[in-house]
Amino acid sequence: SQRWQHSGPAKSMEELLRRTVGPLPTYETREKSPVPLESSSIEFMHFYRNLDKAQKSEFLDKLSLEFGVDHGQVLELAGKVLDAQLRDAATVLQAEDRLRYSLTPRYRQLLSHISRVEGGVKFLVDLRADILDIISSKSSDSPHIRDLNGTLKSLLSEWFSVGLLCLERITWQSPCEILQKISQYEAVHPVRNWTDIKRRVGPYRRCYAFTHSAMPGEPLVVLHVALTQEISNNIQAIVREFAAVDSEEDISEINTAVFYSISSTQTGLQGVELGNYLIKRVVRELQSEFPHLAQFSSLSPIPGFSTWLQGILSQHRKESRGAGVLLEQEWEELQAVTGGEARDKPTDSLRRLLCTNEWVRSERLVRALEPALMRLCAWYLYGEKRRGYALDPVANFHLQNGATMWRLNWQADTSPRGITNSCGMMVNYRYYLQETTANSAAYLQTKAVTASEQVLGLVAQFQKNSKL
Amino acid sequence: SQRWQHSGPAKSMEELLRRTVGPLPTYETREKSPVPLESSSIEFMHFYRNLDKAQKSEFLDKLSLEFGVDHGQVLELAGKVLDAQLRDAATVLQAEDRLRYSLTPRYRQLLSHISRVEGGVKFLVDLRADILDIISSKSSDSPHIRDLNGTLKSLLSEWFSVGLLCLERITWQSPCEILQKISQYEAVHPVRNWTDIKRRVGPYRRCYAFTHSAMPGEPLVVLHVALTQEISNNIQAIVREFAAVDSEEDISEINTAVFYSISSTQTGLQGVELGNYLIKRVVRELQSEFPHLAQFSSLSPIPGFSTWLQGILSQHRKESRGAGVLLEQEWEELQAVTGGEARDKPTDSLRRLLCTNEWVRSERLVRALEPALMRLCAWYLYGEKRRGYALDPVANFHLQNGATMWRLNWQADTSPRGITNSCGMMVNYRYYLQETTANSAAYLQTKAVTASEQVLGLVAQFQKNSKL
Amino acid sequence: SQRWQHSGPAKSMEELLRRTVGPLPTYETREKSPVPLESSSIEFMHFYRNLDKAQKSEFLDKLSLEFGVDHGQVLELAGKVLDAQLRDAATVLQAEDRLRYSLTPRYRQLLSHISRVEGGVKFLVDLRADILDIISSKSSDSPHIRDLNGTLKSLLSEWFSVGLLCLERITWQSPCEILQKISQYEAVHPVRNWTDIKRRVGPYRRCYAFTHSAMPGEPLVVLHVALTQEISNNIQAIVREFAAVDSEEDISEINTAVFYSISSTQTGLQGVELGNYLIKRVVRELQSEFPHLAQFSSLSPIPGFSTWLQGILSQHRKESRGAGVLLEQEWEELQAVTGGEARDKPTDSLRRLLCTNEWVRSERLVRALEPALMRLCAWYLYGEKRRGYALDPVANFHLQNGATMWRLNWQADTSPRGITNSCGMMVNYRYYLQETTANSAAYLQTKAVTASEQVLGLVAQFQKNSKL
Amino acid sequence: SQRWQHSGPAKSMEELLRRTVGPLPTYETREKSPVPLESSSIEFMHFYRNLDKAQKSEFLDKLSLEFGVDHGQVLELAGKVLDAQLRDAATVLQAEDRLRYSLTPRYRQLLSHISRVEGGVKFLVDLRADILDIISSKSSDSPHIRDLNGTLKSLLSEWFSVGLLCLERITWQSPCEILQKISQYEAVHPVRNWTDIKRRVGPYRRCYAFTHSAMPGEPLVVLHVALTQEISNNIQAIVREFAAVDSEEDISEINTAVFYSISSTQTGLQGVELGNYLIKRVVRELQSEFPHLAQFSSLSPIPGFSTWLQGILSQHRKESRGAGVLLEQEWEELQAVTGGEARDKPTDSLRRLLCTNEWVRSERLVRALEPALMRLCAWYLYGEKRRGYALDPVANFHLQNGATMWRLNWQADTSPRGITNSCGMMVNYRYYLQETTANSAAYLQTKAVTASEQVLGLVAQFQKNSKL
């Protein structure tokens, strides 16, 4: 833009970085350094935004490598801490504080200054999204980038601390701008049109978002709730039922809150806990609006099930196994329905059957597959782990929050997407408010999963038959 | 309050601290630690609030001493950093990151959790005020308390980062609650009644405050501005002139913005830069409202002058000096007016004269004292230093912001308070917007003070005559 | 103001009126008349505002006399209605409509146009206040002025119809401007300072006002409510009790709503029903906030009692009567306390006693006077009439609303004002919500007053003894 | 709804009307009648809403016939006015006032009470829409219905007086609800989707509406404005141009305000002047935002042109005329393009050509038809009258407002709708702010139309050739 043409285009990244990323003040003068020029921050932001993807990666490599910690100084001060160990407390603390300060990367200051500029916080959230992309795409495997990521994440965690967030209820009276964003961000059950979104903010529904004063008009995490008489086992009943769109809520018909969608909108805030806090705040909000609300539960997708199942079936095939996936009578029933030949292998049949969504058109097939798929899915959710925690990311989220894996639902999401991702199954994670704290601690510390009898029963059936 | 009575009164500080200040998770599990119980934070806050002053001091001593850094671990990890120095970057960075993590005091986590609770941020601001009080009153000289102070300050700095602050213009339409607070907080030129405050938010005046979403309704720093035709040299003309209270602003009569009062309201935010940012934001705001505004200046008190002068005079007296304070003809004139005897010493006379506010009633005395007091005051502001920076705190604030010491004004504040504090003088620190950045850097880095010819002239007169 | 100088000062009222008060369009073109010039309305308003009081009176006389109804045309069209009486309905209705139109005063159009201009509605409210003042001060006894008054009142009644009013709850968060106005307007129990008003909008208190979109920031009628455990019998307990100013409301302690002050702020809206509607709206508002609220009552002043009593006593004196005011033993007791002589007449003594507020200092006198004054006051409220309705204006207001005259309270307002106006008595008008409609109709149509046994008992005592 | 079941269903209209439409109080007690029961109004509204269309018509017939004016009393009081004609002013005015009061229909009171109930004003607006429908569909030709209509209109005119309306600017930040309504109401250039509406409230566009405090969230009349460099001659350039949807406005490119759509949304407010006032308010609003705005103009449809033209052509055909519609060379050119035969009649050809929208596909046809259609259309707008005023309703609206018929534009609306209604032509009515008042008065009083040279030139060409 024109504002920059007189200062000349920054000739090179080096020059720009040298100019905008100031040196770390000495420990003694750290409180007396001049308030930095806002124009430096703006110049940095402007320069970065005009880079293409490859340049951004190069730029961030340079920033993290050359403007990070002064390792020599760290060594020197680490030595001093060791030397001071037998001295008095004041000396020890002083040495530690100097060491701590020396471990501050030089770019941390710049990031902090940028947050003070208008639009700066949003810039940093987007910058972190770029960094995460670079890390996950392995376009850089520099350990310095990881350090930059850690520094930025810890700053964002402070700025997006829950005390600084604002809970907003979204209604049909909310600004169009925010409703349009909510529609676009809805990843779980896509919003097709404005009638859809009107329904999701209408009677017997609630939609809440956290916003932040530094990013006005931008919902950070969005939670959709249905107010029902019992815990829902079908998502279409929630998002496609329009009868009630102009009715008034009859409070006596509201007994249960079903969280049927939660979406984070900012990739750059990955790892900054927001969803958990949003659920807790919304529970409080709903309790105050409906003091007699008795049940809180999610109705959640199982995004990884089909992929996992295809993996299992492929592997069995290679290993020529197959027993354990289907029981004998299940396999026979399936053959009867599909008219398959006797020499077909169950895993092959199943794999072929599930690779399109055709099977759902046959009621008999749907019935025939139910027991096996329910069993497998229960195991996937309950038994499959990554570093000890639930492999399924949605399961992991709710279990961290202290929910109970409560009910697996057959034919709960019959949209093409639902069939493709999880053979149409969905799961309720139930929030027993008295137990979430204990459950959360147990899960995080001992990796114990709390589950209902239905889920445990399915898991037990799986284990009995499985030779996995 | 009753909510706590069933859990039993915390038997002792130790027990409470052990229960509420959790251990620091290990480095490996630091992202997997359970979200802490909100009730722990609330219990901590409640317990602390019910302590008396001495108990608070004891409690904070304990907290800072026993729940700080694990020094043993720091030593171990500092050793590892030294060991890793010749290894690859990834290893070095990893060792540094572990060391950095080990330097986190255990209580830092708790402080962070408290900030998430309703009212938590305000609690921490007030907690820091207590800590500062303990430190300054020497009721504890523990170096650990200083560490706690440093940790808390750095957290508050992030939470009160300018990007998270909200600029509010205060008018007669603002909520009564906030206007009452603004009145109470006004420390520089006290608000006597509601007509006073109505005037200060009325025509030809502006009042701005920073607020923060975590402390709604609480102005953090307040700036009062007068919109005038020239840079004011008298505060009574600003705060006591009521003719215009119901008039409409005539934009053609507005040429200058005079910042005549800036007050921080939260002791606990000491050292967190707010005033400087507020002035900058207000300048932008005013420029957008009045594009033709040509001059920006403060009209500031000189809170330390009289005390300093009395100190000088006492010292001269002890050392039997006196020459240099008054010129020969000034001394003669003074004797003529007061009818003093020839053998009186000038310093004694002056000291006696200034120890009450009576002298201002005599026009002749006022005239007689002007040259000497102006000279002395110019020197006090420009020449007297503390660790190299201006001794006068208001001067130091504006010079840090990059203002120029522009004009010393005689009989600028004729209120009893003004006479007592600074013999009625006030000073304009002028903001030349093109130069504030350079001035600020020069002052902070080389301690150079930018001043006008008037001020420098007075300083030169002082230096010529002084034998200080 | 300068806008008018080019059009020249209006040379005379006549010229101005002729220019700004257009002729009434003919019946045929009444819907096709050009939208009037806004500048005419503004010129009229400006001209009127610059007149002094006597000129205003003259101006309004002229306006009402010369720009009213065209009497000749009325006669003609009245004749046509008579002629049409045996014709078909269409002809009759047409004749009536023409007659109705001809009865429109020419100035009605102008008033209507003024209401469309910014500030116009407020101008007309103030204009009506002037007209009422002229009428009541007899500075004009023109019947035309009364017609102008009627026309303006009927227009104001439509514009200030309840559907167009906005109920606002006033709190300590409301704009200072509105709270200052509420304080100034409070006529019943004057607000002394900002602590007073803070109390009246604080916990266990409610303050509501009707505002109107055409007069923003201007409360039209204000109702103060105390939320209590029982129906209050003392006003100082409500307006001087500050213990609770920072406490939180304990909903379990709220059982009763006491309307302790209602003030209309706009003289010009006299006769436009607002207070009645405000009470009804507030009752609904309170019921929705506190569903268990069981009692609604006023605690009302008795503004005319003392004046009425002095009148009675004077008259008795002249007529040398006295019996009936005090019972024998009351008279004796009084003499005992005051040490009066036997030949004093009771009415004289009483008159002297009550003409200052000294008597309230003597507990014995207070006790001695209670039965007689309670009896007299009950009669004053219940029995004294003006055109068949209660003489006391406050009584008349609440009885019209359908309230019951419920309890007369001794020593209920011990402020000097309260003693002077009503010997310290106040009365509760109780709103039994199921009965107000019937009560209101009964009072308005048959002039029947609903009263409690306490009041009726006092009235009966009075009647028994009275020889009035 | 259930609230009514206990009071029993109203057995008949008669009973309901008798119960809810009270008698008119006598003249003497007119200010002392009890405030009516809100429940009566609610019952009336509820009853009416549940009627079907035919029942509503019957009901309104009954209401207007049986609860209107007391004709006997009118006769009596008309007589008294005649008798009083030689008496003093007070007697005359009194007689007139009684007569005026007697001319109040009994149902007027009820309508007034309904306006005080929540939702009552909206009910009355919709009621009037029903009445207008009955009148225009001749489903009742009762003169009493017309009286009811007149009474209701005059009440609505007072309640929707401009001083009581609120101007709202609609933006993408406005509530979704209101933007959806604005989209639905847009009758002139239909809004196809949410991108369309986003554009119409985005940069270089303004959208304003009047709302009313008694009908919150309901825009009454909506004005769309384009901010351009010159007066637009094409509507697609305004409503289909999306380049600028996310750009920022460059104030230096804004010179002209084009009103390209104005829609009234409430049939029931027919005849209540709103659009004229909205345009005036918006002009003021725009002038204050863009002090240098130099030109104000509409870009307006010509809804009646094609229908009128087809009428003309049919008539010519019947009368075997044809000359005057097309010039000789125009007719030859047309034949050349269409390949028509020599014996075809011009009017027939033209009629056939224009009865579909095919002709716009041929550039040559478009060129060939331009002069004739422009000439005809100019005449239609300027010369065709109904009761002396412009026949075209849009022309009539802008001429009443004082605009000048400024420029007829060829191919200005190439949408199917535009071609069908007006052969693609649109017209600019230009608002010369200094002249609108005089123009408006001239038009309304003398029916004179102000037009530009372009329009007058076209009209002159038409007149020269026409044998109409």
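By letter and in written order, the chains are A, B, C and D; residue numbering begins at 1 in each of them.
As a convention for this text, a contact is a pair of C-beta atoms (placed from the backbone, for glycine too) under 8 Å apart; a residue touches a chain by one contact, two chains touch by 3 or more.
Here the structure is a predicted model, which is why all the values come from computation and not from measurement.
Shared contact partners of chain B and chain C, listed by label: none present. A separation of 42 Å divides the Cα centre of chain A from that of chain B. Each chain gets a centre from the mean of its Cα atoms; for chain A and chain C, those two points are 63 Å apart. Counting only residues that touch two or more partner chains, chain B has none. Under the stated contact rule, the graph of chain-to-chain touches is a ring, a single cycle where every chain has exactly two partners.
Those residues of chain A lying in contact with chain B across their complex are 31-35, 37-38, 69, 71, 74-75, 78-79, 81-82, 85, 89-90, 92-94, 96-97, 99-100, 103, 112, 115-118, 120-121, 142-144, 146-147, 150, 155, 158-159, 161-164, 166, 213-214, 271, 273, 276-277, 389, 400, 437, 440-441, 444-445.
For chain C in complex with chain B, the residues that touch the partner chain are 172-177, 179-180, 194, 198, 217.
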